[in-house]
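Take a look at these structures.
The same subunit A turns up in both complexes below, where it pairs with subunit B and then with subunit C.
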Partner chain A sequence: MSASVVSATGATKRYGEVLGLNGFTAEFGPGITGLVGPNGAGKSTFFRVLAGQLHLDAGTVTVLGRPVSAPVRTNREVGYCPESPTLYEWMSAEEFLRTLLRLDGFDATEARRRCEDALVTVDLLPVKDRRLSGFSRGMRQRVKIAQALAHEPSLLLLDEPLNALDPVSRVRLLDLFAKIAREGRHIILSSHVLYEVERLTDQIVMVSNGRAIAQGDLHQIRDLIDSRPLTVEVTTGAPRDLGRAFAGWDHVTDVSFPAPDKVLAQTRAPDVFYRSLGELARSGAIEVRGVRGLDDNLEAVFRLLAG
Partner chain B sequence: MSISAPRYTMGPLAREPRWNRVRVIVFEGLMRRLGALNIVLIVLGSLIVGVEVVLFTTPAFVQITSFGATVGLSNFATPYESVAYLLLATLLVASAGAGAIAGDVANRSIALYLSRPISPLDYLIGKGSAVGLVLAIFFVIPGIGACLFAFVVGNVSIDLAALAMGAFVGVGLLATVVFSSLALLMSSLTRRPIFAGAAIFGVLVTAEILGALVQGVTRSSQSLFISPIADVLAVGQAAFGLTPAVNAGEALAILLIVTGVSLVIAYLRVRQVEVVG
Partner chain C sequence: MTGQLERLGVIAGLTYRSNFVGGRLWISALFAALPPVLLGAFLAYGVTGSALITDWGAIVITLVLSVQIPLVTLIIGVGLFRNEIEDDTLPYLTLRTIARPSIVIGKYLGGLAAALTFLIPSFVVALGVTVAGADGASFPSGYVTAGLAILLFGTVAYLGVYLLMGLVTRSAFVLGLVYAFLWEFVLQNFPGHLPQVTVYYYLRTLGASLTTAGPVGSYATTVGVAGAVGAPLGVAVVALLIASLVVNSVETAPDRSDS
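Take a look at the complex of A and B:
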């Protein structure tokens, strides 16, 4: 019996002339595994294959021991949070979640209960009656996560789940994912920001150009990356105050202001930086609207590993 | 050292049966299809059927229009005696059916359907039923209402009213199934609802015009078979006791074949749908 939650052997997917997956071979074990790679590496393609939304041109993929070519049964056990912001725009958040839960096969009463629980989890209960077309990107992201969680799947496929979220929501969701994994469920989570994945797991699969180029312990990869400083872009209403705060952190080597509401910080200790920034945002001392890692170093490592 | 493989336990599978899940797709699709334009078209269709049936079955109008005082089943056939009613239906088919599948692909909400335990067949049945319900409101309900009205206010016996109602229901359901399957086919062939709508309207109207043109040149009514509208008209006229321009049995066979082929192609297309980009 295979110990893998997800197993891919020579998975190949073509989009006309372009190869989305190019003989992708990897094993994803129990617990949390990070799928890390630059934009366009094939992460979303692999997730769509796992969710039964793309058909392989070659190779095999199994999800929870079943071939991915038979998704109807597997989808009961899988929660998928796609990267694209598409939702049923004409519905309210509550209608949307209830509809998907009914499609999962829950009766009306159970669907209503689970819907409410999921909305509480992602902190959207107060806006449950508002139409999704009026939701911000961050709120949409939380709705997508809610629909992936609501039916309590054994396996969660989270494609860039922390995109567009504010620091407080990021911390809360990372804690939630860790809790889900402790309950014995499995998560495959993609990100192009290695440090987000690192907070949850040390098991990663690195992907580049549609191939798995490294698999296993994250710390060895990180050692490569930590040899160079990381640049982080922070969006804020108080750039001067934030810049002053950054200047006081000894691991920050450079601070600049590329736009009136943005601060660029270069740090030698990304994990300490993200932790400190999260604490600063939670304290309410300085408003932090968004954080984006300009992870050039990661790209360099990918290039190194990909040869 | 011992190695123990993890055990994967299935979650609660005793959830609602398949048809209840399909019903959710139908309901959601129905809400989407009942837009303002479609409601206007349904009202117009109802007016055509209602006015025509009343015109030819109530005593006062029967006298005025000198169609004779005796009302028979053929007096109810007026919606199926000209192409006006079915051309209006074509607009509704294009409007209500175009987005059935193409709309989900265009706005990518099909990704969320396909990530649920829904098979392509469930999806197609759900989408087809939603379109079919809207078309049935157009094709079946006005006929039933008009027959009841004629029975109440006109010199129409209960037997005749029931017979006419049966004809409206039978022909209406046939038209619903045929046009729904054509709409699903066109909607499955493109990612853009507007293209699907244009294709539905274009194919139906072009086939109708082409059939009539060829008939004019060849003096043979056989060419009318290529038009689903003419075929439905033929079956409708036969059901109401009139003599259609083409053989109604053959027209019915053609409609059933067209329906079957359309549904098979639509099913194969839905099976191939991928969420890209």
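Take a look at the complex of A and C:
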């Protein structure tokens, strides 16, 4: 087992009466980890804590083995890509990156070299002299990633980097993240676009209401649902008969009819449910046209665990 | 790798340039244009010689000191941190390996340079117009030096105050207007020692300590020249010290909806 890149224990952050983080406890390992949760779950708050921009009210957080209470030291090894799309609009991409690199202590020559490398990585070198005010959302996202990358940190914090991007930009960024990870950097990526996180990594931490509600391998998290109610949508020509049959099964806890040809059943025992439904369909007593497990994707897992 | 001083210079340069874009540029330029335009108008209406020199002094006191410096420094000073906080770009600076007090000092110096870029040419052009219309009449001893000292020390003090306001409150612009035109303007007219709680009082004292002539030199004061120099500088230093403490503990929280 590799050492944690980021470790949080009971991390709590209040904004007045509102809890941004509520005893958040999680371990983030090497490579890419997805921080998944709905808007307002506490993802950005956690990132800002990691980046030394917010102070915890309680609990501890370590980044690369060091407490985040020493942000200037930590910042050398952390690259942070905030969610906000605003940049210094009057600057060019090159000026923006070079300025930030100078603030990290690199001399003019080294700043220029690192700036060019970062722009090449995010594929923005051809437009390096264009004003940022004219950049699209996707280009802005890549500039933000470049500034997070340029000082070659060990850990990248990417806050909703796929938010509001067109599909082509999303694919390009996902490829970029995979490339960065292959170069040996660790990435923590937040998103509520769950299927895209799923495309990038199996390692996830799920957050809701400021708490980590599940973490680990996505498949392990999916296993958690085996012992919990699962919702299955069945398409049939005889919804009343099928509903009556479901009502007679002990493991079915709820039956509803969302459409004239559909029945929703919630079961505590998915394996038994599918076996029984198969037998019912094979017997020819009730026509079954289709079966769909509504919870059989990451979004449903999240909804289930967030309960 | 470069030191904190060089990084401070980068912040100052970044801040200086940021003041020459958008609406702030045009508003500051408008205020900068007022004194030369007004003196040009006087000249056009036939005011010349020593009368024009006296009018130049009156403009230094009633327009430059009371309106131009407070407003130009308000526009620039309030925006030094407030714009970054509201645009959520401040983390790009606070994430870097630059000490946070250096960000305060760098921003202040960049803002000071920007303010003086508007104010000094305005002063020089207004002076040029006056010299052109003076018809050989000479300026009283210390008259120009006093005007320039008021300009420099006023900019130093007011900019520090407005930087601090922009850092600590969202309503900094309104608060700054209240400070400039209620606190500074109203209190200076009160009897007794009350005017001494205004920066204006010390700037007028500074002017009066450098010349006794005209509107610039005529001011009843009980403070010596050391106090006149020390008070505006002290205001700026205290404002920057408080701002450094605030920035050291400032949190750049995400929008609540994104948290």
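Criterion: the second predicted complex is superposed on the first by the 220 of 307 C-alpha atoms of A that agree within 3 Å, B and C clash if a C-alpha of one lies under 4 Å from a C-alpha of the other, contacts with A are read in each partner's own complex, and residues count from 1 in each chain.
Here is the rule we go by: contacts are C-beta pairs under 8 Å (C-beta built on N, C-alpha and C of every residue); 3 or more make two chains touch, one makes a residue touch a chain.
Bear in mind the structure is a predicted one, so any value in this text is a computation, not a measurement.
Once the complexes are laid over each other on subunit A, subunit B and subunit C cannot both fit and instead clash. Of the two partner chains placed around the shared chain by superposition, subunit C is the only one that A:18 touches, whereas subunit B remains out of contact.
Contact with subunit B, but none with subunit C, is seen for A:154 once the two complexes are overlaid on the shared chain. Of the two partner chains, neither subunit B nor subunit C is touched by A:253.
Contacts of A:69 after superposition: neither subunit B nor subunit C is touched.
With both structures placed on the common chain, the touch criterion links A:40 to subunit C but leaves subunit B unconnected. Legend: residue contacts after superposition of the two complexes on their common chain; A:83 is shown touching subunit C, with no touch to subunit B.
According to the touch criterion, the shared surface of subunit A, contacted by subunit B in one complex and subunit C in the other, consists of residues 15, 48, 51-55, 72, 75-76, 78, 80, 82, 84, 86-90, 99-100, 102-107, 147. Within the complex, the subunit A residues that touch subunit B are 1-3, 5, 15, 30, 48, 51-55, 64-65, 71-73, 75-78, 80, 82, 84, 86-90, 99-100, 102-107, 147, 151-154.
The part of subunit A that touches subunit C in the complex is made up of residues 15, 18, 20, 39-40, 42-45, 48, 51-55, 72, 75-76, 78, 80, 82-84, 86-90, 99-100, 102-107, 147, 159-160. The touching residues of subunit C, counted against subunit A in their complex, run 1-3, 6-7, 10-11, 14, 17-18, 21-22, 87-89, 91-99, 249, 251-259.
Listing the residues of subunit B that touch subunit A in their complex gives 3, 5-6, 8-11, 13, 15-16, 20-21, 24-25, 28, 32, 107-109, 111-119, 272, 274-276.
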